[in-house]
Amino acid sequence: NTCDSIVVEDFRRKLKYFFMNPCEKYRARGRKPWKLMLQILKIAIITFQLVSFGLSNQMMVTFKDENLMVFKHLFLKEYQDQRVDRYAVYTKTDVYDHIYYIIRRFINLQNLTVGNHGYETMQGGYIPLILCQEFYRNSNISPGNDTFNIDPHVDKGITPLDDNSLSKDVNLSLDFKRLLSVNIYLTLKAINLQTVRHHVFPDCYDFTITIEFDNRACSGRIKINLENDVGINECKDWNVAGTFMKNNQLLLIDSMVIIACFMSLILCIRSVCSGTQLQLHYTAFFHTYYGKTVSWSERWEFVNGWYILIIVSDTLTIAGSALKIGIQTKDLTNYDVCSILLGASTILVWVGVIRYLGFFQKYNILILTLRAAFPNVIRFSCCAGLIYLGYCFCGWIVLGPYHEKFRTLDKVTECLFSLIIGDDSYSTFKKMREKNYMVWLFSRLYLYSFISLFSYMLLSLFIAFITDTYETIKVSFALQLKVWLKNSHSQVFH
Amino acid sequence: NTCDSIVVEDFRRKLKYFFMNPCEKYRARGRKPWKLMLQILKIAIITFQLVSFGLSNQMMVTFKDENLMVFKHLFLKEYQDQRVDRYAVYTKTDVYDHIYYIIRRFINLQNLTVGNHGYETMQGGYIPLILCQEFYRNSNISPGNDTFNIDPHVDKGITPLDDNSLSKDVNLSLDFKRLLSVNIYLTLKAINLQTVRHHVFPDCYDFTITIEFDNRACSGRIKINLENDVGINECKDWNVAGTFMKNNQLLLIDSMVIIACFMSLILCIRSVCSGTQLQLHYTAFFHTYYGKTVSWSERWEFVNGWYILIIVSDTLTIAGSALKIGIQTKDLTNYDVCSILLGASTILVWVGVIRYLGFFQKYNILILTLRAAFPNVIRFSCCAGLIYLGYCFCGWIVLGPYHEKFRTLDKVTECLFSLIIGDDSYSTFKKMREKNYMVWLFSRLYLYSFISLFSYMLLSLFIAFITDTYETIKVSFALQLKVWLKNSHSQVFH
Amino acid sequence: NTCDSIVVEDFRRKLKYFFMNPCEKYRARGRKPWKLMLQILKIAIITFQLVSFGLSNQMMVTFKDENLMVFKHLFLKEYQDQRVDRYAVYTKTDVYDHIYYIIRRFINLQNLTVGNHGYETMQGGYIPLILCQEFYRNSNISPGNDTFNIDPHVDKGITPLDDNSLSKDVNLSLDFKRLLSVNIYLTLKAINLQTVRHHVFPDCYDFTITIEFDNRACSGRIKINLENDVGINECKDWNVAGTFMKNNQLLLIDSMVIIACFMSLILCIRSVCSGTQLQLHYTAFFHTYYGKTVSWSERWEFVNGWYILIIVSDTLTIAGSALKIGIQTKDLTNYDVCSILLGASTILVWVGVIRYLGFFQKYNILILTLRAAFPNVIRFSCCAGLIYLGYCFCGWIVLGPYHEKFRTLDKVTECLFSLIIGDDSYSTFKKMREKNYMVWLFSRLYLYSFISLFSYMLLSLFIAFITDTYETIKVSFALQLKVWLKNSHSQVFH
Amino acid sequence: NTCDSIVVEDFRRKLKYFFMNPCEKYRARGRKPWKLMLQILKIAIITFQLVSFGLSNQMMVTFKDENLMVFKHLFLKEYQDQRVDRYAVYTKTDVYDHIYYIIRRFINLQNLTVGNHGYETMQGGYIPLILCQEFYRNSNISPGNDTFNIDPHVDKGITPLDDNSLSKDVNLSLDFKRLLSVNIYLTLKAINLQTVRHHVFPDCYDFTITIEFDNRACSGRIKINLENDVGINECKDWNVAGTFMKNNQLLLIDSMVIIACFMSLILCIRSVCSGTQLQLHYTAFFHTYYGKTVSWSERWEFVNGWYILIIVSDTLTIAGSALKIGIQTKDLTNYDVCSILLGASTILVWVGVIRYLGFFQKYNILILTLRAAFPNVIRFSCCAGLIYLGYCFCGWIVLGPYHEKFRTLDKVTECLFSLIIGDDSYSTFKKMREKNYMVWLFSRLYLYSFISLFSYMLLSLFIAFITDTYETIKVSFALQLKVWLKNSHSQVFH
């Protein structure tokens, strides 16, 4: 009857409008694409925020790194830049020499250093360097007789070396058989004046330096390692001529980002909700008029994947920006979480832009191909992944003892992955050369078969998949475009 | 009527002749392919010009580079070739030692150097070396108390160290807390005698050497850098036995190149103009006889893209050769602009040769495939570019502080680009190893996803595009060849 | 007749059941997939075994490697980590210096070493270091006159250097013209205390160190090499506070692995046997009712390839685990064989998992494509292999004398293989640069042609094969799935 | 008529037999495949010859290389293996020091060297070392005044330093302004005793060592280079216990190779001749019976390409083996020519084996695909080559002065080629970093565009070609196999 047909026709128009893209909506009902404009604005300010964040980080990281280098050159005896992972001592006298060297350099620091390093002061005097030994509580080892007697509890001995104790000669005696490690802790302060030239306020840095003599392997080799923990504070008292960027200007941008993301979040959630409601309507409508239930895949058509992407990206951005405000006001320090949140959201934001390219028909083919090929690619990756896993375990077990790159499981994974895309294969082959003949032969078999299998067989199969998907999509595209709307709804109305 | 049909037939023949290639024109009306011959001649002399330019540059660059190396070895204390980016000092005494070393070496230069280096003379004596300090006007920094007082204006202090001042002991005192940099300027002269053996006239070189002690980071590390500015002049007075290539012989070639390019430019502009005129005729004709307007894409058919290419290339060559004449006569020195102009034009000239291969049918398929695939490739690159941009920003922000290769945005771009084509992936993975666990995990996810996505997914899609385009072109080629002329014009006449 | 048709129908059902996968069997007759569950259990405990084996190896290998490094630093004069393959001496005095250095270091070892190294004791005193010379029995060489007189039999001279002989000055005199090598043997003991922290019992290590002065090349260069043979024993007497993982716990896991693999082996052999019996039945049945013989390819259908794979893998695992028990109880030492057996079996086990993915139809395409492409790939590899072989021989002969990477046949193989997948090509080109012009030219031709041929031509052909196979499989798949069972059997019954 | 038809039928059978492969011939007329068996025998002995040649070369090259290393360590002051291309001096005193060091080391050689080096004797005494200076005849250079006066003729001054002249102190004085180079020539002798252990007779080696102080660049840097020319002779007088491989045994193999190749050459030439004769017959026959001429492409069908390949390969092998006999009898020394001849022939021999695989139908597809794709590939390479050439010239001109890898044209070619197959791109990008901004920008554009264009666009096009060719061949193969013989001949008889 007519009433019904009017209802059907009305609902049909509603559905059609729902599945239109912004341009079409504007043409159809003149609705301005507010959401689209908001997204573009959002991308602009997020990019600005990111760049300013990145640049200020760069300055901070450079200062931190250069100080680490300076401390290594100041405190480590005969340190050379190139041999950083080979910096170790092998004899008792060398250990004592290195420790005394550190102490002497620390006392004379003010006469040596070219930078503006200062001691941390506490109750008048400066905080002394602290020498901390770790050793087994009790151990009596005579490898010559194959006997040992060990109590694996670890004791600590702490010797603070302040002004007084240093004026008398320090007398260290280490029991190397029980020794696990010697740590020397220093605290120094510095001001990052470099930022003055970029019109940014200088910060005060607290460096907690740990020099570790690591004997945990008990192999006769004591590795020496210098680490540098940094705390960044606002300076207590300052006086600078000239104008500087205020901290609140930076906060302003962060706030704007949060507001923009919040608005975009609200709008997207609204769209998703209205989509869900329409879907419920549609299901009910369909049930009433035709008595059949709607399949799940058809129901999912009402949830726009792009909105989900935007919602996730906005949530990440808001969390990241909130953290960033905390960091900038020196309340929080978990810098890494903040950068990961902002970084991940950036990828999503830029991927989201592809959606707008998809409004043009020719771009759409590309996006559809990727979407259609996705399940096959995942399936394919599963199979390839299983063989890959087998190779990883095998390489670790068999070649681990003979090859640097196969020492740990994650190194194996990385090495094999690099081999697939054609990197570093010669050096991987080469490093195995002078070993045990049977293992050498196995390694050749292993590497040749792995590379052939993954670099050729699977790459080819991959290309076959994508090429095939592309052809299918292309053929069905003219059809699909016309049929698409019909496919999901119009069958309802006939 | 007959008159009309004669006009139509005449115009048709005109059009056909216009769209013929040189061989066909020769066969049709016996017109000698002057333009073709001019192009071939042009390529020959441009190549000759380029090779002679390149060879003379090579000689000059080698001399410059070797002198830079010599100066580094002469003036920098304990300099070693391999550690060039790690050449830095960390203590106050080292700074003074290095400065005094430079001064002593400069004074004794004539007894030391093996080459023919001379001091620049001025008013009887030689120009002294100049020591120039930069420091903040006023600064009072005590990092121990977290307080500072700084005036970011930079003052300069210049100390010329001439014969007299050197006979007395030089007494330097640097205020390291305020110090930004110490620059030492030397001027030396040399003659590039090496060219004598190639029968080219030797030139006189003025070296302005700057040794910079860079403390701008205020981190306690002073980087030392030696730079070498070169001025090349004709020597004032010379006397050489034997015959030498005259400078005007080189100028002759440049002039020939300019003339050839100018002629080719004129001819191409004429062809483009006649094409445009014919197009106007055609539009009018079409309008008169059929009353329809001609579409833009059809109008563009009259402008031969190859002519545009030649015009651009010729313009670049003429500009480059003119600059080169200026350089050879020692009037101009912007060598880089000249080489970029000539270099860019060379690529275009050689690409232009492909046109002549296109006259053979089989080659044409290749060119047509590339042209047909171009829009799709661009579209595809847009989408890929967006994701790439997202990854770049994300990598910079998150991994920048932990990984050398992600320190600046342009480094990130280069690193990711190298990963796509399968280079340096293992070392990229490896350098991240010993960091903060969360960031380490993120970096693995980031790298594995990036490489899989770009190196497999997009490469496959690319291959799918091109393969598809090639098949399309191949199928339609037999057809196309016959239809082509018809397609654009003959429909007019039926 | 009916009797016959019942027999046929019965046999037909039997066959159908035989060719079902576990899921279908469960659905058809409710048979629980015991075999499948056993396989999953097996994979779990094998993985656990492998990981624990790998981790304990890692600890052992680290200790061994670090000790090797320690011995090199202790006994080799002026040893530096980076130049390991260039550690050699060239003058007589250097040889004596190095030998005396080793002796002095060995005597003072206890005062020097930071680790817990002890001398091996024997009858009260420690085992002395042994100096062993090898020289030609008789040789009289005067290269100045082009004459020599040599007896190629090798004599050995052994000098044990114990406490007494060392108290007097050691007087060595080597006849360098006859000398082939000087070997110095040391024995040291150590205990790997590191494992205590991982709650694993420490083992006692016997290091047999060989320092070789290798003059076999008689070229004036004596290479010095330190090798380190390790024997691992349980310590004789120990006393440790705290609880430790017992050795029998590890043996338990190994035993479980052996039991699981044995059961899986039995089940698979049973299945293969029943398959063979069914095949015999089928052949007889076919012969009786139709009078035709069954083709071999049809007979092979009854042997499931996956079972063969599992049988091989189980056999390897059982052998490997048995060996591992032997190693853990310190009875056996052939660690490499054990790890190769376990490693190879792991790859097979994980490849075997793909079988279960093949039960899903979509995954099956992938597996079928690989199987179908296999013969073509092998054929293709044969042809490519022949050309590869030609290039290998040619490279070895011509470039061997001029290029490090072409020195031996296996290096050539590895180098060319790396070039195919796009690695290290620039450095391969570069290292040839400054040689003999004709060979240089040949090397360019050789490398350009090889890379073009293999990296482009053959990769493309490979992709063509796989793409083609995939398309064929995909098209025939819908068909195949239905026809498969019919194809092999049903033709019998119509 | 019948007579004609008998002639036709007879000729037809002749033709068919001619186009059969060996297996078919054997089946048809029982002709044993002598040629095939000869080829197999030939491959076996050629491989044996090659391997023995390679192994003996390896021994010789090792001895030569090790001696070079020894001489560098003995005669060059403070020489270190790693810095070979940076071994240079920069001050006058260093030059004198290095020269005196060489002289002192040479005199004391017998006390220093560990190997069996002897002086070359002549008339009782040993040949002295010779010091040879090269300098411009007359030069008066004052770079301070920009004036010079030079006579580019080169004079030589030779100073032999024999026993007497060395007992007095050598007094050198070099005029560095005129100096081009100082060469020191030494002659030493040695015997390669290493071969004794492989039961090969030792040879006597004459080393002519040249130590060059190269000041040709006149830049203040004198490069020091040690080169080593070797003459290999049979020793005059020897006495070795034990049995040794005789030289004539090696000559036996070479002779066998020459004989086998000669026979194969004769047989192939005969086949080619008979093919040509048949073709002439065929042409005449065709002309007589049908009055039409035979096309050239049809005539070429009678010349079997594989025979041409074998003829070329045999010629190369014979030439190479003849040379090798000359080398082994110490008459000739042009070792490089010999190895290139043998090497090139090996590739051809192995490629020739593919022919026999082509007798199996499935392999044939592969070979036919390659053959069919060849013209397209060549055409494609022409176009790509033109663009490549443009990039090479452009890179050389613009980036040459700023980038090591673009210094000379052949380096550019190699670098770009490596970039195409995905090698070394990051380091190529990286090395350009710190230069002039405009050139830096150009280099980015240059590299990104080059890599994108060649690594993606052209690879894809290549794959498209091959895939397409493969499909074409595959489709037409069933047809082709049957039609092939008909196609070329049977049309004659209908």
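Letters are used for the chains, namely A, B, C and D, taken in the order the chains are written, and counting of residues starts over at 1 for each.
To be clear about the criterion, a residue touches a chain if its C-beta (ideal position, glycine included) is under 8 Å from a C-beta of that chain, and two chains touch if they have at least 3 such contacts.
These numbers were taken from a predicted model, which means no experiment stands behind them.
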Query raised in the report: Is it true that over half of the residue numbers where subunit A touches subunit B are used by both copies, so same, or is it different?
Result: different
Query raised in the report: Given that subunit B is a copy of subunit D, what angle of rotation, in degrees and a multiple of 5, matches their CA positions?
Result: 90
**Report entry** Intercentroid distance (Cα basis), subunit B paired with subunit A, Å
**Finding:** 34
Query raised in the report: What is the distance, in whole Å, between the centres of subunit B and subunit C, each centre taken as the mean of its C-alpha atoms?
Result: 49
Query raised in the report: Which positions in subunit B touch two or more other chains at once?
Result: 422-424, 459, 463, 465, 467
Query raised in the report: Residues of subunit D touching subunit C in their complex?
Result: 47, 50, 53-54, 57-58, 61-64, 66-67, 69-70, 73-74, 81-82, 111-121, 126, 189-194, 196-197, 202, 204, 233, 235-242, 336-337, 339-340, 342-344, 346-351, 353-354, 357, 362-363, 366-367, 369-370, 373, 377, 405, 410, 414-415, 417-418, 421-424, 459, 462-463, 465-467, 469-471, 474
Query raised in the report: Where on subunit D is subunit B touching in the complex?
Result: 83, 86, 89-93, 95, 136, 138-139, 141-153, 176-177, 215-222, 375-376, 379-380, 382-383, 386-387, 389-391, 393-398, 400-401, 407-409, 419, 422-427, 429-430, 436, 438-439, 442, 444, 448, 451, 455-457, 459-461, 463-465, 467-468
